[in-house]
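Attaching a single structure in C-alpha cells format; questions to follow.
Which chain is which? They are A, B and C, in the order written, and residues in each are numbered from 1.
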C-alpha cells in the first residue's frame, strides 16, 4: 500500500472523526448536564442534511442555504425540547429512551414522506469543488479539507466556550454538581435550553457538511448516533475533551480498518478467507476498541470529574 | 474480633484516614466520634469494603479481609448499616429480611421454587423482626415505613446476615427521643452477643453503649479510652466535646 | 385468585383455540399475524427478565434474536436438519456471545449499560450484514427447513403454530417463576437497591449476568422459530429498531408483571396492523403515539387491567 493512500485514508478518518465529534459533543453535554439520554439526537443530523438539500434547491446558493439550515435546525431542536423533551428530564432513562425512540420513528417516516425513500445527494458547492495538490502525488478534495478545517475550528470554539465563559462554567458545574448550579440561583431551565439548542445545532451542522459527501436518506442519523455513543463511552460521559479524542480515534480506526483489514488479513489467511473475514472484522473494530476501553478504563479515557 | 491496623486513605492531597488503628473485642462496643468531615463514614466504608484503603489491613476473627470485596466481607461476617437508610423499597418488610437471611441459608441459584413461600427463611426473618420490634409490620411494603421503622428494618437486615461484628453508621440519625431510647436499649442487649463498631453523633447513645471510645479529627485518632477517660481528655474536649456535648 | 393469572390463562386459551376458530370465520390469514405477535412476545418476555425484574435497560436485545436465527440458518445450510441439534447450536452460540458481551457491559451500570448494549447490538447487526456467504445485507432464503426426527411438525405446514405457542407458554410461565424464585429475588433486590443487595452478601453482577444470558437464550430460541416460520433470515431482525420495539412492548405492557410483556407485544402488532391498514405512513401516527403513552400513561397496559387493590405487585 502506498503512503499516499495511507495519507488520504488518514485525512478521511480525521474528517469522519470530526463529524462524529460534532454529534457526540451535543449528546454528551445534554447527557452530562441534564442526565437526559436522547436517542433522537441522531435525527438532528439527518434533519441538517435534508435541510441543506431543500434550501440549496430553493435558493440555489450554498452559503445562504447553510445559514437557513442552521437556523431551522436550531428551531426544530428547540421546538422538540419545548414540546417533548423538557417533560422527560426527571423521568427514568427508560421513559427517555422510549419517547425519543417514538420521535425517531416519526421523523424518519416524515423524511420518507416529504423527500421519498430513495437516496438523495447534493453537489459540492462550486467555490469549494475541485482538489488541491498536497504533496507531489497527493491531491485531496478542497471541500473535505474545508470540512476538516471547519470541524477543528468548531471544536476549538466549543472547547474555549466551555473552558472560559460563564455559560461554559455553568455547563461544567452542571455536569458534576447540578445541585450547586441550582443553588446559585441560575435559571436551570434556560441553561438546559441553551445546551440543548447548541447540541441540536451542532448535530444539524454535521448533517449539513456531511450532505455533499455522504448519501442523504431516511434513518441516516440512527447509525451515526450509535457510533456517537461508542465515542462517548470511549471518551467518558460528559467530557468534551474525551469526546474529541475518542471521536478522532474512532474516525481513524474505522476508516483505516475498512480499507485495510482485508489487505492485512491476506498476509495471514488466503485471499478468499480474508475477503470473508475482512469486512466483518472491519465493522467490528470500533466496538472491539470500546470493549477494550471498558476493560481497562470503565469510565472512559478522559472522564468528566464526578459525573452522576 | 475486629482489628483495624494502620488504615490509610487519601484522595489526592486530602488524607481522610491517617494511620487509623483500633479494635473491637468480643462483647464490646467501640464508638468512633468526631466532628463532621472527620472521616468517620469513610472509615466505615473502608472496613466494609466499599472503599479500598491505600495502606493497612482489616482483620475479622483473626482473618485478613482487606482484599475481599463488599459481599465477601458480609459473607465473612461483617454486617453494616448505612448512615442514609438503605432498604429494598419495593419489597415487603418480611421479604427485605428474608432476602438477607437467604444469603446465609443455601444457594441462591434456585430458579423455580417460589422464594416467598419458603417457611425456613420467613420464620428466621420473622423472629429477627420481632426482636427489633417490627414483628407486627412484616406484611407492610418497606417504602411505607416511617423513618424510625426503616432504621430498625436496616438493623434487622444486618442481623439477618448473622454477622460476627456489626458496623453501625449513625443509627440514631433522625430519630425522635422515644425512638432513640428504644434503639439504645435494643443495641445494649445486642452488644452482649455481638461486638459492634458504632459511629454516632448522639452523645447520650455513645456514653450509654460504648465500652471504648475513639475521637477522630481530620482523619486522625486524637484520643481514645473509656468514655470517662475521654471525657477528661483535654485534647478530645477541645476537638469535639466542647462543641458537641449539649 | 390472582387476577393476572386468569388473564394470562384466558390469553393462552384464545391462542390455543385460534387455529380452529379463524377458519370458521374465514380469517386464516390472521394466523401469520398471531405467529408474528407470539414470536415478538417470546423475546419481549425474555427482555422483561433483565429490564423489568433486573432493572438493566438493554437496548441490544434484538441482536440475540438475530444470533439465534443465524445460528439456526447457518446450521441448516450446513446440512443439520434435526431441530433439537439446531436448538442446541442456537443456545450454545447465543449463550456464548451473551456471556462475553454481558460480562463486558456489566462492568458498568445505568445509562452506560444502555449505550454499551446498544453498541454491541449494532456490532452484531453489522457482523451479520457482512456475512457475504449467507446473503449479507439481503438475507438468505432457506430451501430446507428443520424437522423433528424427520417429521414436519415443526414446520408451517405441520404444527409450528403450536410449537411456538408452547414455547411462548413456557417463556411466560418460566420467566415469572424465575422472577419469584430465590434467584429472581436477588435479581429484584439488585434492581431496587444494588448497594443494599451487595451488603446483604450477594455478588450482584454474577446474578445479573446469569439473567442476561437466560434472556439471550430465550431470545435466541425465538430467532430459531422465526427462521422456521419465515423460511428466510436477514440482518434486519437484529436491527436496533427491533430492540426498541421490544422495549416498547415491555414498558407499555407493564414492567416486571406477569402479563406485561405478553400484552405489550400483542398490542404493538395489533396497533401496527390497524394503523397500517388505514394509512400507509402509519409510523407518522405510531411515533407520536409512543411519545404520548410515555408522557401520560405510566404503569403500562397491565395497570389498566389490574384492579387498584393489586397494584402493589
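Following the convention adopted for this analysis, a residue touches a chain if its C-beta (ideal position, glycine included) is under 8 Å from a C-beta of that chain, and two chains touch if they have at least 3 such contacts.
In UniProt terms, the chains line up like this: A, C = Branched-chain amino acid ABC transporter permease; B = ABC transporter ATP-binding protein.
None of the values given here were measured: they were computed from a predicted structure.
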item	value
Centroid-based (C-alpha) most distant chain relative to subunit A	B
Chain with minimal offset from the mean of all protein Cα atoms	C
Between subunit B and subunit C, centroid-to-centroid distance (C-alpha), Å	43
Between subunit A and subunit C, centroid-to-centroid distance (C-alpha), Å	31
Centre-to-centre distance between subunit B and subunit A (centres being mean Cα positions), rounded to whole Å	48
Of all residues in subunit C, those that touch subunit B in their complex	177-178, 180-186, 188-189, 192-193, 195-204, 207, 210, 312
Complex contacts: residues of subunit B adjacent to subunit C	48, 50, 69-72, 74-75, 80, 82, 86-91, 95, 99-100, 102-104, 106-116, 118, 141, 157, 160-161
Subunit C partner contacts - residues on subunit A that touch it in the complex	31, 37, 84, 87-88, 91, 93-95, 97-99, 101-110, 112-113, 222-223, 226, 229-230, 232-233, 237, 275-276, 279-280, 283-284, 287, 290-291, 294-295, 298
Residues of subunit C defined as touching subunit A within the complex	51, 57, 59, 104-105, 107-108, 110-112, 114-116, 118-120, 122-123, 126-127, 129-133, 240-241, 244, 247-248, 251, 255, 281, 283-284, 286-291, 293-295
